[in-house]
Amino acid sequence: MDDATLPSATQIPRFSGIRTFMRLPYAPGIGTPRPDIVIAGIPFDTAASFRPGARFGPSAIRNISVLLRPSNQFHRINALERLRVVDAGDVLAVPGEIARTYANLEQRWAEFVSAGVVPVGLGGDHSVTLGELRAVAKAGGPVALVQFDSHSDTWDNYWGVRYTHGTGFRRACEEGLLDPAYSIQVGLRGSEYAPGDLDDTRELGFQVLLAQELSSMSPVEVADVIRARTAGRRVFLSFDIDFFDPSCAPGTGTPEVGGPTSAYGLQVVQRLTGIDFVGFDVVEVLPAHDPSAITALLGATLIFEFLALVAVRRAAAATRAN
Amino acid sequence: MDDATLPSATQIPRFSGIRTFMRLPYAPGIGTPRPDIVIAGIPFDTAASFRPGARFGPSAIRNISVLLRPSNQFHRINALERLRVVDAGDVLAVPGEIARTYANLEQRWAEFVSAGVVPVGLGGDHSVTLGELRAVAKAGGPVALVQFDSHSDTWDNYWGVRYTHGTGFRRACEEGLLDPAYSIQVGLRGSEYAPGDLDDTRELGFQVLLAQELSSMSPVEVADVIRARTAGRRVFLSFDIDFFDPSCAPGTGTPEVGGPTSAYGLQVVQRLTGIDFVGFDVVEVLPAHDPSAITALLGATLIFEFLALVAVRRAAAATRAN
Amino acid sequence: MDDATLPSATQIPRFSGIRTFMRLPYAPGIGTPRPDIVIAGIPFDTAASFRPGARFGPSAIRNISVLLRPSNQFHRINALERLRVVDAGDVLAVPGEIARTYANLEQRWAEFVSAGVVPVGLGGDHSVTLGELRAVAKAGGPVALVQFDSHSDTWDNYWGVRYTHGTGFRRACEEGLLDPAYSIQVGLRGSEYAPGDLDDTRELGFQVLLAQELSSMSPVEVADVIRARTAGRRVFLSFDIDFFDPSCAPGTGTPEVGGPTSAYGLQVVQRLTGIDFVGFDVVEVLPAHDPSAITALLGATLIFEFLALVAVRRAAAATRAN
Amino acid sequence: MDDATLPSATQIPRFSGIRTFMRLPYAPGIGTPRPDIVIAGIPFDTAASFRPGARFGPSAIRNISVLLRPSNQFHRINALERLRVVDAGDVLAVPGEIARTYANLEQRWAEFVSAGVVPVGLGGDHSVTLGELRAVAKAGGPVALVQFDSHSDTWDNYWGVRYTHGTGFRRACEEGLLDPAYSIQVGLRGSEYAPGDLDDTRELGFQVLLAQELSSMSPVEVADVIRARTAGRRVFLSFDIDFFDPSCAPGTGTPEVGGPTSAYGLQVVQRLTGIDFVGFDVVEVLPAHDPSAITALLGATLIFEFLALVAVRRAAAATRAN
Amino acid sequence: MDDATLPSATQIPRFSGIRTFMRLPYAPGIGTPRPDIVIAGIPFDTAASFRPGARFGPSAIRNISVLLRPSNQFHRINALERLRVVDAGDVLAVPGEIARTYANLEQRWAEFVSAGVVPVGLGGDHSVTLGELRAVAKAGGPVALVQFDSHSDTWDNYWGVRYTHGTGFRRACEEGLLDPAYSIQVGLRGSEYAPGDLDDTRELGFQVLLAQELSSMSPVEVADVIRARTAGRRVFLSFDIDFFDPSCAPGTGTPEVGGPTSAYGLQVVQRLTGIDFVGFDVVEVLPAHDPSAITALLGATLIFEFLALVAVRRAAAATRAN
Amino acid sequence: MDDATLPSATQIPRFSGIRTFMRLPYAPGIGTPRPDIVIAGIPFDTAASFRPGARFGPSAIRNISVLLRPSNQFHRINALERLRVVDAGDVLAVPGEIARTYANLEQRWAEFVSAGVVPVGLGGDHSVTLGELRAVAKAGGPVALVQFDSHSDTWDNYWGVRYTHGTGFRRACEEGLLDPAYSIQVGLRGSEYAPGDLDDTRELGFQVLLAQELSSMSPVEVADVIRARTAGRRVFLSFDIDFFDPSCAPGTGTPEVGGPTSAYGLQVVQRLTGIDFVGFDVVEVLPAHDPSAITALLGATLIFEFLALVAVRRAAAATRAN
């Protein structure tokens, strides 16, 4: 597993071997040669407001990720040949101690970022993104956020607690980690605590595409809106699996019915080419409510698509350079 | 729980407390102040023709309903601030004894109706609607029916039994409880006992929108058809959860593949403003086949949307009155 | 069960009786009167590359098939009154021995075909189709293939093994069983082993409709493409249940997210009238990952639609003959 | 399946073929040659007081019964070689109509009994035993009951309903179908409606072995008590699967913790040699709560043991006769 | 629900009504008349070291508790007629904030204790017991602990965190809440962090009965050891459901194979008569891993047995007084 | 993971990190320093006669094994401090190709054995043991077999196939890999293909302890019989998880009711000290039927106990040497 070669699924059956993400090499440190992308789990769920258990999200995503073949059909590219991608294992997440977890997470992410590696986080509940953003913003300034989610996660607090999975992006704004004018939230829906919760979000400066609006937009149109909004900035893409309808993603902590299908969401992501991504995560996969592992498979596939987006952009850059 | 204040989900976690619907006050009698809407379970499933178990529908819907926040994003209204809504517990349903169950149900519903309360029923199998309709029609004459369902439920009998979950609306017609000329069935599909079952339904006078027809209609168009059909009449909305595709509602007794998504169905319901609803129910939620509770969540959300429809109409009436 | 009359579901409850497909007569031999269609299970899953267990597909499909009523709403026809359809039980499939299984399968299928019976196979993993095709092609020459699938199943080998569920259609081409110029694969998507896997498929001569392309085509358009492609030839329809999104078909061995809904797929199949089908199968239903049996129900419904397609065509032929 | 030969599991894999009990011949009528034992399903669950769904018990038991090999290790006998055993399919059970169901059941059972066949019933809820007893007692007078159960099922009524799964044996006493002085209930435990429920049972004349008492008795001792109690009478053995601890039998409608293990219960049954059994049933298997099918397997194994008990007795009789 | 009368399960079906524990009256405050026993949920699971989700323990226990009938067969007593027992709903547990949760819990428990009510806690992870003990000990001094558990829960800390579900009883000793010389831990087993973990426990002063030792002791003997150890002191009984083998209690966070059966554990508890219990709890029921609800049923039954122990003791006291 | 230090579960939460067995170092080759014990998966299930899926056994066992703490309570030893134990990943198992799989397996095992490492296999179906035995016997001659199992696995063939999970030990005898006179099978039960199957086993020379016999033997007695039988020989211990009752091990391919509890089986294994074990395996864990992972946990715990047995023996040897 200290070898960068992915085992060939046509030689070594996909159900075989230790479960790193897609059976990629395990590399807890940055190491040499420097990877382009590092995938790391953040098994933290203390900040969940309803069902906990997303601490098992990383292992569930890794477990089913072995079903994925290396090459991307849409982009006609094998990202794993173009990029060095490794699985760094998990960040040390401390149940019940969000501040310590953030410190560990930020430090680990900072190592990745400072080495020029694009980190991909496997949540964990959505509170983890704040920790990732701290590292990313500290290194390069505020980023544009592209958030796929059924919830805005910009409430002020839950029962007096300011750091939860529903308050992270308000905190990120307060800490100056985001540039809301270039940020967008996609897929919001469901019940609110008070009429106008979304106005609060818009007051923070985010653009919002409600799930309802998606019904009359094609994936290409959504991707165009996102690209226009982010306007060439450094972009962090955070994907809460509850963006999807519960039929596609039953295994999550706070599901909201009435969401997009997996086909729709994937097609949006596939079109997000030409964006300078500096970080990704997939959060809120909760295996205890995912009896057929379809939620974890969807999460793994999103990461597979992220890898291709990075590879496509680098390939384009290389072409331009020639 | 004898207090009309809903516990704040940002103060008292949603997973906490006794499971009434949305943690609303429990009020088995009408009481004072008079509620606007009463939610009551009808845990009866003797009339199911295939899988029984919908008697556990009310508790499953209540159990997951606590995930809902009070305010409606689409209508920008907090119905629970505008209306007094209570959970009245369950009607006394007697397994194996449909006539006694109907008597209990009709009496309980009659109390609600005569007090000017809009009753919302949590099924139970679809036979329960007949009992609700008896009370509603006795009080105010035949009603227009808006039925979301994959089945017409207008067969004559099952194995010689005339009162079942598949025959209720034929009985309702025979008893003069419905005004078919203003009634509509939406979402029908699946196999039939004989070619022409649907003609029988149309002969009873119902308008029918097949699931297949919905494929080329927008939710707004469907809502417009429903509004036009019901034409200002007193309307009873009965929602059989098997209207939805089994991917969205696996937990039901007689699923039919090829149905609408949860997004589609919810968007139709959200547009049913301006209708004078005198009763609602959600039926056929069967928790034993709903491992991730997504069916129960969908049922609970439908009721949440019903509450908003009533609140919006009353708010509009109040505005007009001023 | 040696009587050709289907038990009436309004007389004998659907949950009652031995589980043949739709409670059809059990007839292991061809017998007299000769059936028009024979349904037979092929409980083989040795050739699966990821999750095995499709050997229990036939029993799961039969088990839930009893939920189906006899008459087809879309076509307004009761195929079981028009055609004699029987359940022949299962082919002798030998775990671990694909050659012997193919021999048994081909011989059994040859008996059906030579008697003028249309065989319908219940898989089993997708390797079984090769055995069916051998019998069908031996009797009447190469056939046009209509394959609904998320995978092309035209890889050359898996770990040196040439007969697997992912290589069957390449073998079928090599053996001259198919006429690729009249064949089409619908629904392909997901990750590949190398960029260009699909080009290989096209080099074999197949037309391909990617899942992505389906997003902008109506079911009617897809059916028209299929009809045009098959151009009056003898057609074998092979339906891999993983064509559907995992939300609709979680119970399968190699699910691919981002697929069509059950409504979409069924509507395509319903429009495939006017085609001379000489064989069908539904494969890759894996009950161990199908907790609510929605995958098996979808598979059973596909077969129900196949029966109608044959009945409609014969009815049309009879009408023309008069 | 009209052949009395059981398919050899070493020739035709056990997962293959139509699911009759143990893949025995299907014979809906008595037919010729006359069988020694007939197994028939009684898919009725209207009389359940808590979870319904035992109507799917017969199909679940048949489905897993194919795992059983023909020969009994304990008795060193292959009952299926010694006896002609067939599966007669299901009795016509009418949901919601217990009287009609009893009529159908009694008539079917009477045919078996009058032909000298020992009937084995697959429940269904425990109310079905009353119907079986009526046929058996009508033919030969009151029988001795051996009831394995966690509940006495001798309550007077549930919510005014006299025929339920909790009242059947009181009714059987009232109807003179049982000879309580030779009858015994084994395994009773759990909460009661009032102190002394068991005294009521004893007042009816039954001997009772509480689950608690079993803790200090060996299976051989229990079997000896049963044999002594029944004293050579004609015996009906009714086995409610909730006799077992829920760890062994989770799939049942009214589980009671604190029960015996499957090893214990099976060892008792295996020792019940030398008894003149005139009927058996296994009831209350509820597949919707049996995710790994261990309850259904336990039920199927009990029937397998019943077959051996009959075979052993006949073999002994034949030996004595020579 | 503000009426102290338990609905009769033979009049109102057990599956009917709002889910308080055993459908007891809901009484959030102490109220009048003063109850003898209050049952309250403590939905807290932040302190779990492996699988979280026990916050849903109270609702799962309440949900299945309705299956219980009021009267105790072993003790021949209906505790609910002898004692006033109410369900007080849930303590306000704050995810991620154990100190605040302890404060809320202690305050609520102190109200119960100061009013002379015996509190029964529904966990929640095992950390909650410390909060209960603080209230109980503050009111009456250190108590004797009877702990059924597979783990000693006396580790010093987890990852530097001192308040977790595995460290509570060490903290309780340090805080002087327990009198170890009269305390006993029963059922310990499984792997340790280091050889001698149990010596640490014994050094704290606890008596220990390993699971292995239970194998050669009868339930009566175990109860005698417990009674002897507690020697007339005020006793707090804390029952971690993982005391039981995972076959009996799969739904828990840190299961340990090789444990006692439910029959054994219940028989021990039933024999704990004559002890002055000042508090009880059942903890670590985790419904997300309890597909058939047998773990929750076992937890509910334990509480049912606790109620009887209190009732029996009071009845005996009353008899002695006369 | 190339470091031999096990992460401390009190420092790094057990739910964290890549899933090797117990988070042991991953070491695909023998490497330096030479390990004492190597754990390797054998994800093969082609040879299963009923439910396949044991190819996912290794990943399921690894996944839940992280719950285990390092130190053994019974033996008071931390085997992982005494021995160097690594996880070597999986053997290359080829679906459908048992001969190639045996070749790969034997070669890999031979490397371990020739280096003086004790190999521990994670099955996979029970056919894999034959491959392990070939390597072990080739290196050191025939071994004594201690087989815990509900089946003897000494049938001659299944459907003409000689290498299956039910025939391996007959093959092993034929190949001279075993010394039956020192071998023993423990736990046999269930139905047979013909009376006398067990006599066949005994004719092969094995001693047999039926499950039924275990009922009257203590774990210590069973261990003594095993120790006496193996009489100081080199011993291979093969543990088929279906030895246990399905309540303890539902996740397996051919369950047999009436088996021992997990407590009983573990206590036997714990007493197997003083034996010269040259190989172990745990087979037939089938996660698709193990919803709460209790079967996988039981399998992982058995391996944990094996490690201790080796450590205890070496410690004793070291002591004697001093």
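For the reader, a short list of remarks on this structure follows.
In this document, chain identifiers A, B, C, D, E and F correspond to the written order of the chains, with residue numbering beginning at 1 in each.
Rule of thumb we're sticking to: a contact is a pair of C-beta atoms (placed from the backbone, for glycine too) under 8 Å apart; a residue touches a chain by one contact, two chains touch by 3 or more.
Because the structure is a prediction, the values reported are computed rather than measured.
Following the contact convention of this document, A, D is the list of chains adjacent to both subunit E and subunit F.
Shared contact partners of subunit A and subunit F, listed by label, are C, E.
At the interface between subunit B and subunit C, under half of the residue numbers involved are used by both copies, so each side presents largely different positions.
Repeated interface, listed pairs B-C, B-D or A-F, reference E-F: B-C, with more than half of the contact pairs matching by residue number. For subunit D, the chain with the farthest CA centroid is A.
Inter-chain centre distance (subunit A to subunit B, centres taken as mean C-alpha positions): 38 Å. The distance from the centre of subunit C to the centre of subunit E, each centre being the mean of the chain's C-alpha atoms, comes to 55 Å.
For subunit F, residues touching at least two other chains, in rising order: 12-13, 15, 49, 51, 55-56, 94-95, 158-159, 245, 247-248, 261, 289, 291. The complete set of chain-chain contacts reads A-B, A-C, A-E, A-F, B-C, B-D, B-E, C-D, C-F, D-E, D-F, E-F. Residue ranges of subunit D in contact with subunit C, taken from their complex: 1-2, 12-13, 15-20, 26, 28, 41, 43, 55-56, 59, 62-63, 87, 89-90, 92-95, 291.
By the touch criterion stated above, subunit B contacts subunit A in their complex at residues 8-15, 67-74, 76-78, 219, 245, 247-248, 261-263, 266-267, 291-294, 297-298, 301, 304. Residues of subunit E that touch subunit A in their complex: 45-49, 51-53, 55-56, 94-98, 158-161, 164, 288-289.
By the touch criterion given at the top, residues 49-51, 155, 157-159, 188-198, 210-212, 215, 245-248, 250-251, 254-255, 257-261, 289-291 of subunit E touch subunit F in their complex.
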